[in-house]
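Listed below are the structures to be examined.
Paired with chain B in one complex and with chain C in the other, chain A is shared by the two complexes that follow.
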Partner chain A sequence: MISLSQKKGNWLPYLLFLPALLYLAGFVGYPLVKTFQLVFTSEKGDIGLANFITLTQDPIFWKALKNTLYLLIVIVPLQVILAFLLALFVNSRFKGYMIVLYIICIPLALSDVSAALMSYNIFSSHGFLNKILINSGLIETPFYFFGLGLSSRSFWVVVLTELWRATPLVFVILLAGLQVISKEYFEAADVFGFSSWQKFFHITLPLTMPSLQSALLIRTLFAFQIFGVVWLLSGRDIPVLAGEVYYQQAELSNFRIAATYGFIIALICILISWIYLTFLKTKHLEV
Partner chain B sequence: MLKKLVVLLLLCMLLTTSVYAQEALNFASTQMVPAAEQLFAKSVLLKGFTDDSGINVEFIPMEYPDLFTRLTAEVFAKKVTISLIGELHGGLDLMNTNGLLDDLSGITLPDRTFIKSLADYSILGDKKIYVPWMQATFVMAINKKAFQYLPEGLKIEDITGASAKWTYEALLNWSKKLNEEFKVPKLGFPMGPKGLWHRFLHGSIYPSFTGYQAAAFDSVRAVQLWEYLKELRPYIHPSSSVWESMDEPLLKEEVLIAWDHTARIKNAVIEKPEDFAIVPCPRGPQGRGYITVAVGLAIPTGAPQRDNAVKLIDYLTSPAIQVKMLENIGFFPTIQEAEGVIPEGALKVLTNGVLTQSGAPDSIISMIPSLGAKAGEFSAAYRDAFTRIVVEGADINTTITSLADKLRAIFKEIGVPLV
Partner chain C sequence: MNSQKIPLLLRIRPLITIFIVVIILIWFLTPLVLITLSAFASSDDYYQFEKVIPTHFTLHHFESLFFGLEAWKAIINSLSVAGITMLLSFLIGLPAGYALSRYVFPGKNFLKLLCMVTKMFPLMVLAVPLLIIFMRIGISDSTWGTSLAHTAMVLPIIILIFSSILSGVSVEYEEAAMIFGLSRIQAFFHITIPLVLPGLAASAIFAFNISWNEVFVATILTLTNRTLPAHILKTAMASPDYIKFAAGFIMAVPAMVFIFFVRKHLVTMWGISLK
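So, the complex of A and B:
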């Protein structure tokens, strides 16, 4: 026979996670179901792929996809290389390395909008950079880094801004990975007479692979959400997938197409995560 | 004794309620809905009216669909409780089409001259459906430095006075001259994603060149317009594509000539009233096109307290109150007499420009079409046309023909006549 207190005990764990469950069902589950509904229902109410057909017939979709992939291909490798170099540098624990660590991490506190506005103040025709160049007599008239019909230049300003803003995130993950590598491995390597390169390729790199995998995954997924910086620095001159979600939803009130854009971003993210998790699996952890 | 007292109390309550119901005039408005503006409407604007006339006014801020539904029900049930309506031109037009509004032709408001273009727009057929109450519009802001580089044949007075010489051709020549002088483009538009650039395209330049906002989208005259914009393009500041309002670029002197909504230029003029002139938009071959957001005061069919409603209209369109509204909610006067009451300074600079524009005899006033959920697609068509033709160099005819079909489909779907 089960006593009342035992019964109560059985229910208690469920009761405790009920609020979280209700929250998730209401704020994640319900919108997700509605999004699916929007994605697969046409304006006339027919169920099917009509929204995907409309979307793929719009040249802006292909431009947005191309730009997002370009940004991803340029930004992510650069960020990872830069962050790795910075992490190795800080991990060498030179005198005053903590100050350098803090300076590198400053952009972590910035939102993408703030970073874009700071970038605008540097690169605009009346910005700091143009002022320096004009005052030093290097140029007579301002050099336009972004603006009407200058999307290829804006692209590089976006890349620079993103590098500055988001590299610290990769840096922090990689530094954490480097800090947990036991010194004993390096001491043993010294005994066997390993060179610095050998130590890097045979000890540092394999042991930071889990961190590298996380950093790559996070950055790649974040790259698909890139929006604020591009939006503020180039308007819709450089359409990107996440920007189109906002544009279709907020500006055109085209909820179905916005949801379809969102759905496609989610699909790409799932695919990329699967690729990363499958092909970058760290073998030494399976032992 | 107690029974008597209760009956007496009930009688008193009924009497008070009925007296109050008779006295309170219901003024339903889709304007001044935000909390701060409601406070201004109730505690300043209408309180002043009640103090002067002794007539109580119940201010009812409402969204348009609610107002339309309520008024339709009241008019058809012949139990109208709303005495006065404050709404945009488009909304009042629709109410009138549904037989909800009274003819205001008989109303005379002494000592005020309504701006002709606005007064003309308030008359539909033979019926005056509203009295122009307030307006907002899009104008050009000029840094006075630019006046030193006027092209040949163009004088400052031509621009500030909206003469026939203040044309798009003159704007092009002026921009060219400024470019030669400063070595950078000095003309700017709010082309950023949140900027109102599309309003310039459909509400200003399209009517100026073709006479219509969308009806002649793919006409021969429209081809001339796009050729003009291609010619103007090198003189438009490249950063225009990220600007959402023109006050900052004007203050930083990134541009010397800018076009935008009055509310989005206001800050520059308030900060440096001596540096800027607000002038009308230029004219094109068909006239001077510009958007006006006209707000009118209308009386519903069978409205109670009609005489009191007229008194309230009289009060709300008086010069002092018009200036008070400009100072508090940023809407401009609709009567010429207000110009004399506005104190010197930024508001005067802004109002002069707005009143000169709305008083220009060659005005082609554009009202933003009521396209509901399709409004975004309508705006996007104009922006897309500019990007494709002017920025990317696509063929004019092919582009405007394909987009014209899209535009016509939008109007057809919503059931709004092509403007």
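So, the complex of A and C:
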């Protein structure tokens, strides 16, 4: 490999990477610069924090921040636990485990739009849940999950939908982590007469820690970007940060405020990644 | 006492496995089965509380979705956006992935890190400035604009996937071919590409899938030339329920096909794209 690259001179890899670099500079780098311009100037063109002041004076911003955090706190831990159990189970390699693996992965390929409509199909007033409850005589009139003033109910539908949709995401990361643990560790543990619990706490858990940490980080970052499921199931009854970017931009054409919301999401994500990289080991982040 | 317990546990273990498998299947498949049922169920069946499982089926909802709500346009937009995204990210990503997998050069780690940082970066922050830029150069509200934005999202992932796929093929094959007189480019196309073709095909479908599913940027960047998810987000919630289910079903179909074709690469691909 090294001999090959030395023979041909050093400019070739740069040339090969150049189009990608230019593309990212143009469509990620430049818009980012533009974001700073938008966020830190007012309508009149003054440089300053005017947009942030407008934003923080709007009670909706605090609601959106609070809801996003609530969703994160409820969803992420549940997802990690569920995904870990699933990954341990699939990794036990019972007969036919590959089929189970594919089926668990189906939601990974689905959009949040589609997932939201699937849960609407179950929880709507004429949905399957209501029909089953009515026919079994448990309730007489349908139980409403969606609608004005019912955001505390739709909140839990959003949680369930996200659990269904995004648990496989965590599952895949954890499974990849479990798959690389060498069998020899377990064989050695068998020799020393470790119990299953001991094996789990002394081998499996420490060795999957890196995947567990990166799964946690990714899920946390994604949780700040939650949009489709919430917007389709509750509209603006449950305001979230990403939903406000959309609302300010698409409904109000308020470019600066929309960009400021986006900026705050990015800022939170960078902050979380930074905390994560500083306080936890970074070795496993290398591809 | 222990010696008696263990055989019992071993005996019921397969049963426990089957039990857990059944629960997993029910949890993951029920929403899919139910939306398929609802997408084809007649509206009379849907609005009757007594009818839990519909018995009358119709294609009427798809007809109203496609033509009444003009979703056919959105589907064509979605297909072309995803197609262009796939093509662009391949054209730009393949040489970049090759560079990362085959060469050692100063700045390589920086470029890798750049890819990892960009793919983790929330796209939300880019949507608004991109719209302003696209308005200025006159490609706002177009399939091109959305494709360019989607490519920015997919490209870093694709580069990392390519680099990992290509690293799986030993350089010695290429070197051997070059000894026999093939040029580097010929060696790449005649030796390496055929070996990694399944992986490349899987990544192509992967790129297509990401673009097909993306809703946020697509909604912000377009007004009339919406992709399917953007169209659904804007119109479906104001439509009758059965239209929503038909829409959800249509969105889900390519995803199922996707899972079927890339099943062997699932864990690797998402492992790379998420890590």
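General remarks:
Note that in this section the second predicted complex is superposed on the first by the 266 of 287 C-alpha atoms of A that agree within 3 Å, B and C clash if a C-alpha of one lies under 4 Å from a C-alpha of the other, contacts with A are read in each partner's own complex, and residues count from 1 in each chain.
The working rule: a contact is a pair of C-beta atoms (placed from the backbone, for glycine too) under 8 Å apart; a residue touches a chain by one contact, two chains touch by 3 or more.
Values in this document were obtained by computation on a predicted structure and should not be read as measured data.
A count of residues in chain A touched by chain B and by chain C gives the higher number to C. By the touch criterion defined above, A:H126 lies against chain B and chain C together after alignment on the C-alpha atoms of chain A. When the two complexes are overlaid on their common chain A, residue A:T56 makes contact with neither chain B nor chain C. Legend: residue contacts after superposition of the two complexes on their common chain; A:P142 is shown touching both chain B and chain C. In the superposition on chain A, contact of A:L150 is made with chain B only, not with chain C.
By the touch criterion defined above, A:W231 reaches both chain B and chain C.
Of the two partner chains placed by superposition, only chain C is touched by A:L38; chain B is not.
Once the two complexes are overlaid on chain A, the chain A residues touched by chain B in the first and by chain C in the second are 120, 124, 126, 142, 231-232, 235.
Chain A meets chain B in the complex at residues 120, 124-126, 140-142, 144, 146-150, 231-237, 247, 251-254.
Here chain A touches chain C in the complex through residues 1-2, 4-5, 8, 10, 12-14, 16-17, 19-21, 23-24, 27-28, 30-32, 34-35, 38, 86, 89, 92, 94, 96, 98, 100-122, 124, 126, 128, 130-132, 134-135, 142, 164, 169, 172-173, 175-176, 179, 214-215, 218, 221, 224-225, 227-228, 231-232, 235, 242, 245-246, 249-250, 255, 258-259, 261-263, 265-266, 269, 273, 284-285, 287, going by the rule given at the top. Chain B meets chain A in the complex at residues 183-184, 191-193, 233, 236-242, 252, 254, 373, 375-377, 379-380, 391. In the complex of the two chains, the chain C residues touching chain A come out as 17, 20-21, 24-25, 27-32, 34-35, 38, 46-47, 49-52, 91-93, 95-96, 98-100, 102-108, 111-112, 114, 116, 118, 120-133, 148-149, 151-152, 155-156, 159-160, 163-164, 171, 175, 184, 209, 212-216, 219-220, 229, 232-233, 236-237, 241, 244-245, 247-248, 251-252, 255-256, 258-260, 263, 266-268, 270-272, 274-275.
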